């Protein structure tokens, strides 16, 4: 069997006395639709930060397709194909929607260091950005500043920026949080429409979304992996129900 | 041949200078930490307060202590009015707009004082019991420095108690650490800001008056020591009372020692020191770690 | 339409009246009216104005107009622009002012290019007058007091050792060099030299003075800019108990500037200074000068050496205007000033025809308490002192 | 489905770098000034140098969001490069002198940028300020080369192109020379900010965390931008030294760094022309108010700054932009 797309081995991270990640062994296969759930403070976002290189692990290793990337810098990991969205929108607020996506596309295709030609001359970058907005039904807002958009629309731009990087691994930190239910289907549709070979890890509290989306679920509690299995196995796991599902209920 | 007496005199002088830095800077640190407001007019309040104290003693027959109280109250009240009328409009604005506003305010303060009172230094005559020397057993030393150290210790103690043991202090600490959380706990942020701002300006006024013996008092005061105050705040960490205290003492003593033993370096040392400290601990020696 | 007519009428009127009326001489004044030098600018400015007011008769039949321009700071750049504009826009006939040496240094090429007489009324770095042939100085050079003091310290005060503390900028270094040169020439020894911060802001002098105290010299010679620096020096000297330790504080008169002296109070008593002027000088011209000053600007105010620099400078300008009959040519003006003599409040002064710098008396004074105020008692006097730096061609004073 | 480039947003992005007719106005005004006010060219030259200096700051502060109080370090580095080379008789040719000034300033920018640009906010502000202050102190101590507090005066600057002398009293050559250099630098900066690189700088300004997450080498970009800005500031300093035939410690001082910051914020940062508007507004006011009310001009200036900060937001050009844009719903943060 070939190496998984992304893998962690005995990953630990301490913040002072607090262990935010404890001995995490985790595998994300190519083409996976994987969900990560757990109560608030379970360490889910820290885990994403470890995977993307925002935070360095105290001990343990991260491997991508069998290659150790534990010490690889954040920007390099993006180039290797790891992209993420943020739990709270992190957008270029005073720039237009199109510019937001343009920046990401330009980084991916290597246009960003170009200093002496106008940005608009890179038609390929502009075209691709517009097409991406089109698929997310954002093209109507392309000229508007982020700060003028309602929060739900901003969430879509979060996703658009991550997709613009054409990742192999996509880490979605509560992608639908704050999105009105009338619009959340756009996000789900977009995720459904991703190329099959991308490995997707989604973190969410919305159990409807998780169970609709995920083919595999990992439950984290207090910085450690509590259980991993198919949605059916997780739903049937009495202990999981006790520590998590039973307590928070659906939604 | 550095004798114990030398070290004692160096420490006394440095700590006294540090106390002045602390008393002026603490308000700046708390307003910047609490409100995220870059208040470059802070030195202006120190200067205004110093003037109020000096004029009260010279023309209106106040004693030293009552003049200090007067300066504190007047400056705190004036700054509270400014805070409500003007500063409050810029909370949450671009920090560069805040810089522009407070620099403009400093210019106006300097120009007004120059026009109304004159460009010259305001002498602030200490009462006779604070002049001259005092015998500390091992060493004869400048009486005022010793008194200043005592005052500084009392102030830092009172501030510490105020911050740690009162409801208001707890609210301020909560708001420095997490403003949104504090708001959701029902703390009246606007009122807290006004009180803190006024109090910080009042402290600056005290510092202006108490420090006049060392730093003088003239319209340019508002700008010429600002860099020192900012250094103390940056090194101490935003919104940290104890941080500012230790930073002020550290800067005060090191500055004193370096000037005494290596005067040829001019002021370079203090800048070099600040650079090293901030590269080592970017959030300040006592600031919260960046997450 | 009407505006045009008024303008034309005014122009015509100006033409005819200038014909009939007095010849106007425009004097461009470059002083730091704002910023840290504002206080000094006011003193020089008042000195000039007072001379014009008291000597209105001597100006006639000519008319002297002062065009004042703020040079803002000691940085040089603003002074340069101010002088350039005074020359090219206002077409002044004579330039005057300069509190700070760097401003005079920065202005020198403009003054040379503009070919106008330029009267320096304060800036004291010795070699400035070498920098433009049109500079004439009515104030002082740091070497006047510093050099005289070195000799006096050894001979009159019987000092064997000295520590020098100075503000770390050109006049301070000049002062150090001058004092050291003459003090060591007559057998004294400078055992420590302490640069005490820049001129821009008054430092806390305690660490520097602590260092000086530890060295236990006979005298502690201090040069700092007059004003707030000086006030802080005297305060620190008293507070550190250096007098009780037997160390005499001496220096040029900057440390006992008249405007600050009374505020220093008892702390100033015992200071020994060498200078060309203080308000307590017992000279008839000075009595009249001080009296007129207090009448004009208030009893609580006092003139000082800066005010006298402005006053004497204006006297020199009036002399030039009279000698040249209101038609100012720079070279003729220089000729008129070379060797010019004047009975100044500071005693007899003249302009050295070779160096264009001032020649004057230096007074050794001690601050004492008299009638409840600090009084500067003259305890020694040296007549006709020249700038020793240029006399002995030391360093940059040697010229090119 | 429409072709992407037909979308107005795409067209706006594709065409935003095109020159607009009004962009000729500042240059026409600057030329007009030359003919209309031949007696004010000293002031005019200082004004143009200030615009150039403010432009260099706009690149780091307005576009990359680096709030610095140490920009005069590079101005001074350029000025002293020209000054020392000329005074020692090593190099007096003005145009190549400017290139050397730019290189030295860029080296200072690169060195300090590599060390300092890992920090942000107040810490970065204080670090840039202290670095500048250290340089100033170093220049003061290296008296033999820099002239210390006196500075270096009467610099022998060779005639421009071998023909045009720099006359200290009637600085016509200086004015036109500075104008041309400003134009060249402006074209450079303008090209830069409309390029993909400039776009990524805006991204860093708006959200550094996100730029990391899209794989941008943020530090490298910042250091590069800082270095380029330092080079332009160095040119400003170098040309200032040439135009005045003079350098002193003031070129490295906090006054200069703070003034240029005020000027840029007053005019409007991140807008290219803010440097022009701010410099003109500030310098004309301080120059002429100072003439009329030598002791009170500071009051008027302070009042202007306060009013602009309170009511304009993002400077004078902020007002213009706000008037130009249709009223948008106020964003809640």
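Going in written order, the chains are labelled A, B, C and D, and every chain counts its residues from 1.
Heads up, the rule we're going with is that a contact is a pair of C-beta atoms (placed from the backbone, for glycine too) under 8 Å apart; a residue touches a chain by one contact, two chains touch by 3 or more.
Because the structure is a prediction, the values reported are computed rather than measured.
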{"item": "Given chain A and chain D, the chains that contact each of them", "value": "none"}
{"item": "Interface with more contacting C-beta pairs, comparing B-D to C-D", "value": "B-D"}
{"item": "Separation of mean Cα positions, chain B and chain A [Å, integer]", "value": "46"}
{"item": "Mean-CA-position distance for chain D and chain B (Å)", "value": "33"}
{"item": "Centroid distance [mean C-alpha coordinates] between chain C and chain A, Å", "value": "73"}
{"item": "Chain centre separation (chain C, chain D; CA means) in Å", "value": "38"}
{"item": "Sequence positions of chain A contacting 2 or more other chains", "value": "none"}
{"item": "Contacts with 2+ other chains: residues of chain B", "value": "111, 114, 264, 266-267"}
{"item": "Shared-contact residues (touching 2 or more other chains) in chain D", "value": "140, 295, 297-298"}
{"item": "All touching chain pairs, where touch follows the definition stated at the start", "value": "A-D, B-C, B-D, C-D"}
{"item": "Complex contact set, residues of chain D against chain B", "value": "61, 67, 115-116, 118-119, 122-123, 125-127, 129-131, 133-134, 137-138, 140-141, 254, 258, 261-262, 265-266, 269, 295-299, 301-310, 313-315, 333"}
{"item": "Touching residues on chain A, where the partner in the complex is chain D", "value": "52, 54, 74-79, 83-84, 86, 90-99, 102-104, 106-108, 111-123, 125-127, 130-131, 134, 139, 142-143, 145, 147-148, 161, 164-165"}
{"item": "Partner chain B, residues of chain C touching it in the complex", "value": "34-36, 38-39, 42, 168, 194-198, 200-204, 206-208, 210-211, 214, 227-228, 231-232, 235, 238-241, 244, 259-260, 263, 265, 267"}
{"item": "Touching residues (chain side chain D, partner chain C) in the complex", "value": "39-40, 42-43, 46, 140, 148-151, 153-154, 167-171, 244-246, 248-250, 253, 255, 290-291, 294-295, 297-298"}
{"item": "Residues on chain D engaged by chain A in the complex (per definition of touch)", "value": "1, 4-5, 7-10, 12-17, 191-192, 194-200, 202-203, 206-207, 209-218, 328-329, 331"}
